[in-house]
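Presented below are the structures under discussion, each in the form of structure tokens.
Across the two complexes that follow, chain A remains constant while its partner is chain B and subsequently chain C.
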Partner chain A sequence: MTTLTKSAGFGGYDAHQIASQAAQRRADYWMISGTLLMGCAVLGLIGLPLFFRGIWLQSQAAKAGLTMRPTIVTLIGYLVIIDSALNSIGWTLDLFAHHTLINRVLTTGWGAMFDGGYFWHYNELWLGGAGAPGEKAWEISLIPVLFCARMAAAIGLLQMKRWGQQWLIVTCWMGMIVWFGYNTNMTIFADVRYSHITFPVWGWWLYDIWYITPFLSLPYLHTVNREIFSD
Partner chain B sequence: MNTKAKKDLPLGTTETYSTMHKWLQRALFVCLTCLVIEGAFTLPGIAIWMGWPTLSLQQICSELEKVRYSDDSRECIYPYPLFGPSEGAGQTTAKDVWGIQPKPLYRRIGFRDLVRFRDERLARQAAEKKKQTEAPDDGTQAPVAAPAP
Partner chain C sequence: MSGSSTSDQDRKRKRAMIVFQIVIYSWILGTFLVQLYLKSISDW
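What follows is the complex of A and B.
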């Protein structure tokens, strides 16, 4: 719950605003540190408690009467950043670092387990990396266009900017198109993607279902009172 | 009108959507936590599944190549030349049913299967080598058809 403290007297409002900003900044320091680590995938377990500490600080400050960012906005903003970062790690490795040892174990190993597109004829294409039909086009278009734009929009949202909310709506709809387009591609070329894979189809869904951020963000972004975001 | 309930709503949430926002927030919490835990365990999990620490990362890489290209002679070159051609370019050993929707025919990799594949291959190669070296010494030779009268 976010309320205005009933500070009496001259300058009470300004004092409340300054205290709120300081409290939000303090919580954000924890959450940003946590997100930087969580966005690195393997360091996520160190980042998660830092992030939750930030959430707890924010919640405590709100309970104390300070004007804080709504928890759901905080979760959407940081989750979008983490989602984009994790997607970008895998795809950037595949696009630019396909012959590194870590990629040839991590990505092709993941491919052999969940998605044959990252195992089938891997590193055979002149560009290197995944050679599954259509895969490279998704990578080249989504890393610079979608994920960068979503991260920028999420930062704007976390700053409670109107453009952040609007651009997150735009990029979440782009995310919807990606989900439908990507899964249609995988279905059409299902033999390449799932034949002789350790955990075919259900394994892929179990692994990737946590990336459904756009589906959780859009209902909120379209129903929130947008007046809380400033121009 | 329940003013208390209204007062407790988060900033930006109207009463109409308060239940939906509450459930979205819970789902977001679950998603974030699962995503982070999954991200943290993916690399070590895959490495262990594929045979680490029994196999080094480079050995895992080699075994994956052998499965992928159905070719026991494949080795993972590391470090790979920076501007070299793709390692699989021009290979002719990978098995597929080719068509407009190709179907791969490589082996499925279960838990620690790469260790088993490697052990079996090494045992097979050692047996073949032993057979080749022992064949002249034990005096046994392949049967030869009797000359025609």
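What follows is the complex of A and C.
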């Protein structure tokens, strides 16, 4: 972490802490706003510049000598929140709003282009929505168990809490199991997923590879000095 | 426990974690390659 070297003397440390907290909060307001918009998927392009403004504010404050959250922690934390939000919103709509007009257009449109599991027998199961084998079980189990826990862990990490770091490690490993299983499912039922769609195989991978990569943060989370996180 | 054995254990743990990650990512890459193979032999 960056430390202030300019403030010294009586009350210098307290002044430094107050200034650092205020600067971090200001940067976080921008990053939280950007993340909320990006987590809604369609508003992502509006959210991205807001997020970058927050990153810039944070780096400027660090350069000025204030004690700020490490950039890598900031990026991992917000990335995990966006990842969880995007997965949750898509799957929650498919689970609860599968008969709405917007969902019948957008989800089946997505299915027709990238993943036939969201086109094939859409709204024909008793639950409605995607009819791909196993998809509904993934949705029901992962939204409450994985993505909610992951989002909470990321918030804890951004607050520099020890439990946030520990739970992010736990949920990153959970995520690995999920991608291991989900990709195996995609491969076994490849005929359902990729048959007669616009961009078979590579289209899905191009879109989804970004959701798989956050687990590359595991080595960092395991090796970072735990003392920078508070109890 | 001596300092050197702790660091040795730590090193082994890290290595095991890296190997495990490589196995998992290899599997994921493997599923991609299998899917590409299936695409090449089907009329998708």
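One rule holds for everything that comes next: the second predicted complex is superposed on the first by the 226 of 231 C-alpha atoms of A that agree within 3 Å, B and C clash if a C-alpha of one lies under 4 Å from a C-alpha of the other, contacts with A are read in each partner's own complex, and residues count from 1 in each chain.
Here is the rule we use: contacts are C-beta pairs under 8 Å (C-beta built on N, C-alpha and C of every residue); 3 or more make two chains touch, one makes a residue touch a chain.
Not measured: the values here are computed from a predicted model.
When the shared chain is aligned, chain B and chain C each come close enough to touch A:Thr223.
After overlaying the two complexes on the shared chain, residue contacts for A:Val42 are found with chain B alone; chain C is out of touch. Of the two partner chains, chain B is the only one touched by A:Tyr78; chain C is not.
Contact comparison for chain A: of chain B and chain C, B touches the greater number of residues. In the superposition on chain A, A:Ile212 contacts both chain B and chain C.
Once the two complexes are overlaid on the shared chain, A:His121 sits against chain B while remaining clear of chain C.
In the overlay built on the shared chain, the residue A:Phe10 is in contact with neither chain B nor chain C. Look at A:Ser195: by the touch rule set out above, it reaches both chain B and chain C. Once both structures are placed on chain A, chain A residues 190-191, 195-197, 212, 219, 223 are touched by chain B and, in the other complex, by chain C. Chain A makes touch with chain B in their complex at residues 1-2, 38, 41-45, 47-48, 51, 67, 70-73, 75-76, 78-79, 82-83, 86, 98-102, 104-106, 108-110, 112-113, 116, 119-128, 188-192, 195-198, 207, 210-213, 216, 219-220, 223-228. Interface of chain B with chain A (complex): residues 7-14, 16-17, 20-21, 24-25, 27-29, 31-40, 42-44, 46-47, 49-50, 57-58, 60-61, 64-65, 67-68, 76, 78-80, 84-89, 91, 94, 101-110. Considering their complex, residues 176, 179-180, 183-184, 186-187, 190-191, 194-197, 200-202, 205, 212, 215, 218-219, 222-223 of chain A touch chain C. On the chain C side of its complex with chain A, the touching residues are 14, 17-18, 21, 24, 27-28, 31-32, 34-36, 38-39, 42, 44.
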